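First chain written, first letter: the chains are A, B, C and D, and each begins at residue 1.
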């Protein structure tokens, strides 16, 4: 760790703004950023992203860690800061500090099948891992890959432009599901935890990686455990209200664990020992 | 410092106050429009915010304008009985009377907050009202809370 | 005169009876708390808990607020005049149901906080609560004695008539400067029961502490405005303030205004409509276009 | 090091001299209340047995503090720091400062907080003891000697109406001088009896939390006055085109403290927030840093309008844990 003051952000410039969702709300955008002082990060980590004069927010990385010249953040418009972020256009100056948090245990996962289950925006923090594993240099180290993506409506899928590429990867199955039936939709319908028994996977060899709203994570992990998977093999990445990202501000603790330094990646085995307050 | 002393000391004759003005869409805004199309002259002191009804104006807006340094606030709606929504301005009348008493108790000069009724056909009256209100506030001088952006 | 021991005795007996009969789930009262220096709120849930209840000259806490946490349960409350006024206001505003509350009306001629008369007691109109189910008189008996009240409260309207705008601003500013925006006044107020306060929309309480005073002014003025015709003058805001901000005069002045011009007083009539939720076609048009409300139209 | 004996008047004169070099914070009367505040006249300083209303944590962790300034294309640190001399800090407040040091500067925290360190380096602390225990004080149960604290830069002892100054570090050396004397004898430190030694699971869900918080109105005064509460928020403010990021206190007793942008809130109920406050001090910080972050000053108990009592709560938890063991 460098001597740099972890509170001081460095400058970044927005290269491109991508409108992600095509539904009526259109409330998710991906921001492609160029950093003045680039840094390396690992899948699972997050940054503190701020607009000067507006405020700071926490976001997980949404691009592959192997891309070195820029990074991407996928942001949903939900509050004061994100409203203002959504008004930014190409060339705007923003500020970034990070990376913070722990990472997915990629090395420990080698040799296993992977099963990603995501809900809505939950796909974004998993994208660094998905892209990392799909990279030809690392793909051989992992077995079969299942992906189950959930969204409210067909227009609410983020990174839809990548789905085609991902589904054509070797030994990979990609499933999409929406909450309620819609005319013209020929893929799955229903909440992810009701669907995992329809998807063939080897519960002894698979590691499940979940990300989505807290309700979905709770329901899904129960479903996986009932299905016979061991809690050590289920990983999730949690979200919490955060201010500092370095374990000082006292906001993101679950018991004595701080999501910003001990997390955000936890296995279900770890979570079951923590107080149920997330 | 006394409010009136400020005037003589700091304010030149040409100073025009900034008056945040809330106008109801159906009467007073149309009245202001009529004043404009009839080319009636009135001081350039008001900053108009159009609202659906005077009953829709949250007292918080008025308070916020004052504490953030507006020199005055003016609110105008339909005459009582003429409300487009039948009774909105009756509620507003009660609320604003209380608000004016409150602000006066807290030491905001009563002349800084003005409520009035102007109908769509009273273009001349609108200009008249703006002139009266501007003059009253001009005499008081700039708001003592006008720290922000030199308002 | 007041006999707090006998009142305590009567309160305990009544509470025990109510709990034993199962009429109520809990009796809301006060228990002794030497560390704070005055009794603090306490829910007696069993007949055994009743021994913890106290009644003495420092029982100034307005308990009406705590009923909001027990909305759908049947609760008895040890209530003074100010508590009852607050309960009536909350019933008027549909927050409480009369049938869920058993009021043990305790006669009170003013409470003491730190050896001086507690905030609000100086202007209390009567030693007898407006509404009650069970009587606890000044001497612990079943009849009220109708004691003489201090009646030394400030008449804010009179004060305002005799001061200039600058003097009034100075008083307001002096109080505002002490404020730390902790919102204890709001939390303790019976009228401030909103689930989401206008001040909480964007930021958390202490985030708002600006170097300038505008946010503090906006908070107190808007809160006073929201309490127009709803403030029962219980003084809870001043009693809990950690920095000693005394802004109750604003609320009191508004109450005087509402009573004078609209003939409305909060906490008197359970059947009344809330002040700001009604109008009369011939409402007085006070101080429209110019004029000083203080000196009339 | 030896001690120096001087009269109260001599001490005041020395203090007046020190005020040229330092911003002196000491207990002074402020609106009929004893508070740690900046001293403008050395005669105002009150050194007696009373405990000031607020804690002195603002000397190192101000309520509102500018930390970063955004300039054209770059950022700079924007702290405005003056050397501060804190006089008359009570042993409980010194213990609490040490707790804050542990949280913000120790190696166990993974990151160090440079804004805190900057201020801490500029702070000199001179303690003063208590002679009697006040209502709601429970420093003895927390293992703090109310008469003396060795963890500061110097200490003022009161001996027969005179002052005996005892320097403890190089920083505190030479602040006050007088005729040399022997430092007074010390009692042994009391034993730390009030603490929770249990697993999270044993305390978190099994204790009757709702019964502890019935009086709570959610005003947050407890966290405001607490000498060890240190939760904060970062907030941007713009003034005439210059954006400054400020660090402001926050409080876990407010519902918005943990509200997610999505609307989900892990702590919606009063009892959950109170549980966080108690367990953060008595369980989570001990787990992470190895000490309990409560100095037993009793401020939260004395000032609570609802009569919540952290000491009674913790001792009730201890009793229940004992019972469960048997």
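Keep in mind that, in the parts below, a residue touches a chain if its C-beta (ideal position, glycine included) is under 8 Å from a C-beta of that chain, and two chains touch if they have at least 3 such contacts.
What you see is a predicted model; the values in this text were computed from it and never measured.
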Counting only Cα atoms for the centres, state how far subunit A is from subunit D in Å.
39
If you average the CA atoms of subunit B and of subunit C, how many Å lie between those two points?
34
Just the number, please: Cα centre separation of subunit A and subunit C in whole Å.
50
Would you kindly tell me how far, in whole Å, the mean C-alpha position of subunit B lies from that of subunit A?
51
Give me the residues of subunit A that touch two or more other chains.
none
Can you tell me which residues of subunit B touch two or more of the remaining chains?
none
Looking only at which chains touch which, which shape fits best: line, ring, star, complete or other?
line
Touch relationships between chains, expressed as pairs
A-D, B-C, C-D
Which residues of subunit B touch subunit C in the complex?
1-3, 59-60, 63-64, 67-69, 80-81, 87, 90-91, 93-111, 114-117, 129, 132-133, 136, 144-145, 147-148
Help me check something: in the complex, which residues belonging to subunit C touch subunit D?
31, 33-37, 39-43, 61, 65-66, 69, 178, 180, 182-184, 187-188, 200, 203-207, 209-211, 239-240, 242, 244
Okay, in this complex, where on subunit C does subunit B touch?
156, 160, 164-173, 198, 212-215, 217-218, 221-222, 224-225, 228-229, 249-250, 253-254, 257-258, 261-262, 275-276, 279, 281, 283-294
Note: in the complex, subunit D contacts subunit C through residues 31, 33, 63-64, 135-136, 214-215, 217-221, 224-225, 233, 235, 237, 248-251, 254, 256-257, 298, 301-307, 309
List of subunit A residues in touch with subunit D within their complex
1, 5-11, 50, 52-57, 78-79, 82, 93, 95, 213-214, 239-241, 243-244, 246-251, 253-256, 261, 273-278
